[in-house]
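Heads up, there are several structures right after this.
There are two complexes below, and they share chain A, which is joined by chain B in the first and by chain C in the second.
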Partner chain A sequence: MSETSAISARARTRLTIEPRLNKNLRWTLTMYCAATLIGTGLSALLLWTSGADVTRAFGALLKGAFGSEKAWIATLSKATPLILTGLATVVAFRAQVWSIGQEGQVYAGAMGAYLGCLVFFGLPAGIYVSLIILSGMIGAALLGTAAAVLKVRYGVNEIISTVMMNYLIVFLLSYLIGGGPWTEISTSVVYQQTPQVPETARLQYLLGSNKLHLGFVFALVAAAICYVLLEKTPLGYEIRAMGHNPVALSYRGTNIGRTMLLVMAISGAIAGLAGVSEIFGTSHRLRADTLYGLGYSGIIIGMIGGLRPLGTVIAGLVFGGLASGSLYMKLLAQVPAALIPAMEGILLLTFLCAGVASRYRLVRVGDGDV
Partner chain B sequence: MSELFSEAILISILAGTVRIMTPILFAAIGELVTQRAGIWNMGVEGTMLMGAFAAYIAATMTGSVWLAVMAAMMAGVLMGLLTAFMTATMRVDHFISGLAINLLAGGLTLFWFRIYIQGRAQPTFDGFDAVAIPGLSSIPWIGEILFTQRLLTYVAFAMVPAIWFLLYRTRWGLELRCLGENPKALDIKGINIVRRQYGAVLIGSVMTGLGGGFLLLGFSDRFLADITAGRGWLAVVAIIAGNWMPRRVLLAVLVFALLESIATHVQVLGLNVPHQIFLAMPYLASIFILAGLRHKTNQPVRLGIPYFR
Partner chain C sequence: MSVILKSVNLTKRFTGVIANEDVNFELRAGEVHCLFGENGAGKSTLSSCLFGFYQPEEGHIEMDGKAVRFASPRDAIAMGIGMVHQHFVLVEAFTVLENIVVGTHERGWKLGMASARSRVEGLCREYGIDLDPDTSIRDLAVGQQQWVEILKALYLEARVLILDEPTAVLTPAESARLFRVMDHMRARGLSIILISHKMSEVMQADRVTVLREGRVVGTVRPQDVTAEALTRMMVGRNVELRIARDRKIQARSSAAPVLVVEGVNYRDTQGKAALVDISLCIGEGEILGLAGVSGNGQKELFEALSGVLTPQSGRIFLAGKEMRGLPSRHYMDSGVGLIPDDRFREGLIPEFNIRENMVLGWQRDQAYTRGPFLDQEKIGAMADTLIEQFQIKTPSASTPVNHLSGGNAQKVILARELMHSSKLLLANQPTRGLDLGVIEYVYRQIIAKREGYAVLLASEELEDLLNLCDRIAVMAGGRITGIVDPLHSSIEDIGLLMAGGTATAAAREAI
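And now, the complex of A and B:
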């Protein structure tokens, strides 16, 4: 203690860190802007370790993301599943249900939809597609509900159970498309994939492109629904209240278990929609590599979007842009596209720190104040 | 059936079990210390991955296995510092920061790996050789299963009683366990909580990094993306299934490793089932174990709850 007092005696006044009594919007925004800058700076540092020209690489990244109409279409198409998994995160995390099962739910959604695609084959196109989407969402919602049942009935931590189920579902998919009944039978090589889905099952393309599909509209509608659900409905109130004070909520007469089941079912269904739209909008067959990592990225996008639907859409567009721009960057500057997941991790860490920093303030105190 | 369970296969399965136990055991016993101090490190998977990657770079660049082990431990230190900074200094939610660390590790290792191997065939390395303990290794069955393992395997098993002694028979261990139950008491006593938490996280992360290093050096001659494939999570589950007690954690790791060893022997055993079933089993089993343990928990009360004075 003598050391600090000596320093303060010399400086007369010193800076200390104090908790804020109430949030200050300008300070919070400043902190998040700083987080973005620091995160980008650290990413640039990472890029520099690859030996690439940093400005050239970032230039290529931005140009590939938002540089032309074609780039924008690719960006929107990449953003589609990310917005959906981000929204799934928002619904769960706002209720302080720390589900990281979005990854598995994306697979479950894709598998459920593929099952629907086989079962309902032959129905009129409109009904066929609707049933496929519905079965995908149900498949993923069931997986989400399983975690909620484990939590409510058996007290199993949802983080652990959702992680375990992510692995379980990957093993199931790996069996089904890698030797199991759904495997594409090809004369030459065995690919880890199913045959192509019929034309009638595919999601319509938008704006005359061959990339952007109906899934993007679903993502925007889902964002609007999430906003209304969280901010304007009694269930939304319960979800938010469960996040703040579950004890008070249960005294109010709310069945916490039921709310948690609903939260996980909704969150799962939205994440499942991401899987459906990837399979039936983009790759047109069930395979694992196009789905990999969508769920984990969604968690970051939901968090960086401030756990709000609008913020999530914006964050989803930014990261969708980075994902599509990274391919261009890879071509132009020979930088591996894996830069993007690393960048996501860095940005999440800086945003978490900014979230903490926004609750404190720097105060100048005089000698006598301590 | 007699042919199925012939001696050689059984020995191979059991010896495999002991080998598979090693990395998970390092991580589980190390993270037990961290968790006892009230820090729920969810970044075990990422820390392990970074350990494996650092070991790969060191092994292929220097050709020395022991330098690779050092590199894996250094990676553990760095990841531990990051974890401790987020959880003890910034007091961010432990789950979310751990998740960020996992994602960061997944991205960083893949990025650097792609750069490292750009434009050439992936360099390989020579991993650990088995070390037969003189005398003991000539015992039939037991010798082959237990005493012709890699050196670090013996270290991993020796860590179990060592950590037990540290936690239950030293003053430092008592204070560390108190940190997970009632940090305020330590704070009042004038002990620096944050510093203790850093220490606990570093012990866990160094051992996790070491486990990652063994995963690479003991099983493989090359690096793969996501090489840990959930073993870090299994370590976390082993702690929960082991009810935060060293001996039971060891038992849980044994069961998980046995299942994985059976999965790798499915083709030899000639079982007509998809091998994915056995790979999925540890994850399925852990869910059931967790569900069954509902009321008998020994979990530190303040586990995962940031401490504010």
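And now, the complex of A and C:
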């Protein structure tokens, strides 16, 4: 008898983790706030171990990101391509198409647009810019579709194919601007870049700044379109359904291969727009260094944004702030800028944990029995 | 007889749902004890607790009169409890012997195959199990694979054997053999817990414990009660066991054929012939039954007839139109509804809510769109109507279907497919795993829509097929081994045809 009561006493005090039946908004928000705090704490630890003055560094970071109108403009302009590559991730990942090709698609978008810029030169400004944007998006969409075709026709894993294509496209670009036909010919040195694009091809600046350009508006519009596409249209329904259960979707008449092609084309086009806006809004010439890493960051941003368009815009703004603030931090607190990607990584990990945690709850089992 | 295994006031909850409450159950040495109850009554939870898979929150388990606590199945196995699950855990490429040795190997580097072989052969002889230890698992039928699992448990010197719905994968003849072997086991002092919801099996047990909504309703001896009384204990009310069907309006073979299949062959991606020379015909208002041990081509037939897969040869006519080679979309647009056997994998998007699932497959239909957008109002109205009409129990139309019970989830599919199909309903195991009340309801709905409508109905419950169908086609080894008239056939007749494929193959080998 005493043995039995000992058994039930042990059972009474146990805590278990159980999945939630319904998402609770307050719990979710709490988890994400906790993630932000823990992420900041770990980042502080990282700064401290690298010998920096933590308060000063964070102060500088915040000031550089959101401390003035100038800072805001820098943040928004840094956020522009990140929001776009984040959205490209959202569209692909919601369908559970694990495309890592955003990086290559950014380059492909930039190259397609530059080609358009050469081909359509001389057309009226409005049409000229539209055609440049369009050719950039088509170029990137084609690259995305190529990976989808390999997957649908030959069953090639999209993670492998998109990563490999990232390499291919980088080498193609480096040929084109590093001695190939698009290289800027200067008198003495050869830079890895094209000549400047004509004035009429550039994206307009906004708010009288010389940093923030029309691309930011494109990013916001793209976010709105992504939301409507995913939540309000039959295609979005199919994309979401494919992410949850492609078998049932195909049993009920949807051609999964076709959906996958569309997903990769749309995702590619959005990532391509990021490349277009960087080249024709910010650097005004095609060069690799300004584009580097935008696609990979987009994956992190899309994930932190919970694969939701609105969340991705917010995450993009935070990362834009980190990018513009890091310059200040480097100058004012002598912190190496290389710590910023590390901090981004920490934030990603804590946010992913929060995403999982928001789907579970702690339950005390055997509660209330005697 | 002494009590070998016992649960005392056992309670187990899942996320607030009580799966077992205050369950007192005792298994005597050398008896076959049946756990009887509807799906969700707590049979599996109880046996999982006894096997150490779950730990009870209240109450405890006694073995040989002593309180025990199983932290995991490992502890239960060490005490001499063996369990055969519905899903087998076997390595396809290994032989029977290898599976037994590898699955039970405890310690040391050496496998000791020679001594294992003699022990396995000894066990086979002792219990009358007919199995060659050197056959690869992949060459065994599903029913034979179950013997391997049983051997595994015996090899570990189980004194208590828990069998979870063992006859689900067996032909009637194989089931009879299983019960003969169980008699041998009982005679040698083994105790068996048999989980079942089939009345014919329950009646063969020594004692029956009936569970309902997680509680024990009672423990009885089958010879003391009638089948009706047991059903009443299980369901808690009177249920009409036989679904009456008015055969006066039974379709004549002269009725216009809705579906005609001629010489359809299909090889799967591994090159295995899954459908061999299938020909059949279903007329307007006819219900054609499809019987067979699962895995004998029924699934492929349903997939072929709904356009999910394309047979390599043969012809499929739907209302006179050749359909083979067309994608599933065309079948749906021509009025074919499909109830797949794996409802959560093939029939539903589990994370989507009821409303979204009701429109699955019709999301691009003009009826549910406005311009380029989904028309949420129309979809919502359709879903609300169907929820009411089909009495789907749910807090709201925006409840994800993975929060619904199996029966209500099945009703979502049934409602959707009946609503959107006009000529042919393909129903593969539409009642599997459902409660009696829901089964009755599903059948009534299928029967109700008969005007000019053809139905292909596959079920493991042969009695249901005999009651409901105009004709019954039987499949074995990817072939149709016979089409019988239910008015002049018995379960034994169908059983012979179900074994037909393997019987002829064995005969051929003998020559």
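Everything below uses one rule, namely that the second predicted complex is superposed on the first by the 349 of 370 C-alpha atoms of A that agree within 3 Å, B and C clash if a C-alpha of one lies under 4 Å from a C-alpha of the other, contacts with A are read in each partner's own complex, and residues count from 1 in each chain.
Here is the rule we go by: a residue touches a chain if its C-beta (ideal position, glycine included) is under 8 Å from a C-beta of that chain, and two chains touch if they have at least 3 such contacts.
Everything numeric in this text was worked out from a predicted model, so none of it was measured.
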Checklist entry - After lining up the shared chain so the two structures overlap, which partner does A:A248 touch, if you call chain B first and chain C second: first, second, both or neither? => result second
Checklist outcome for this item: The chain contacting more residues of chain A, comparing chain B with chain C, is B
Checklist entry - After superposition on the shared chain, which partner residues are touched by A:Y154: those of chain B (first), chain C (second), both, or neither? => result first
Item to check | Which superposed partner A:A44 touches (first chain B, second chain C, both, neither) | outcome: neither
Checklist entry - In the superposed arrangement, which partner chain does A:L348 touch: chain B (first), chain C (second), both, or neither? => result first
Next on the checklist: Once chain A of both complexes is superposed, is A:F171 in touch with chain B (first), chain C (second), both, or neither?
Outcome noted: first
Checklist entry - So, A:T233: does it touch chain B (first), chain C (second), both, or neither? => result second
Checklist entry - Touch check for A:L339: first (chain B), second (chain C), both, or neither? => result first
Checklist entry - Who does A:L115 touch here: chain B (first), chain C (second), both, or neither? => result neither
Checklist outcome for this item: chain B residues touching chain A in their complex are 42, 82, 86, 90-92, 95-97, 99-108, 110-115, 118, 230, 233, 236-237, 240, 274, 276-277, 279-280, 283-284, 286-287, 290-292, 294
Item to check | Residues of chain A defined as touching chain B within the complex | outcome: 46, 49-51, 98, 100, 150, 154-157, 159-161, 163-165, 167-168, 171-172, 174-175, 179-180, 296, 299-300, 303, 334, 336, 338-346, 348-349, 352-353, 355-356
Checklist outcome for this item: The residues of chain A that touch chain C in their complex are 3-4, 7-8, 11, 18-19, 21, 228, 232-234, 237-238, 240-241, 244-245, 247-255, 363, 365-366, 369
Checklist entry - Once bound in the complex, which stretches of chain C touch chain A? => result 8, 13, 15, 55-60, 67, 69, 306, 308, 327-329, 331-332, 338, 340, 345-352, 356, 359-361, 363-364, 369, 372-374, 403
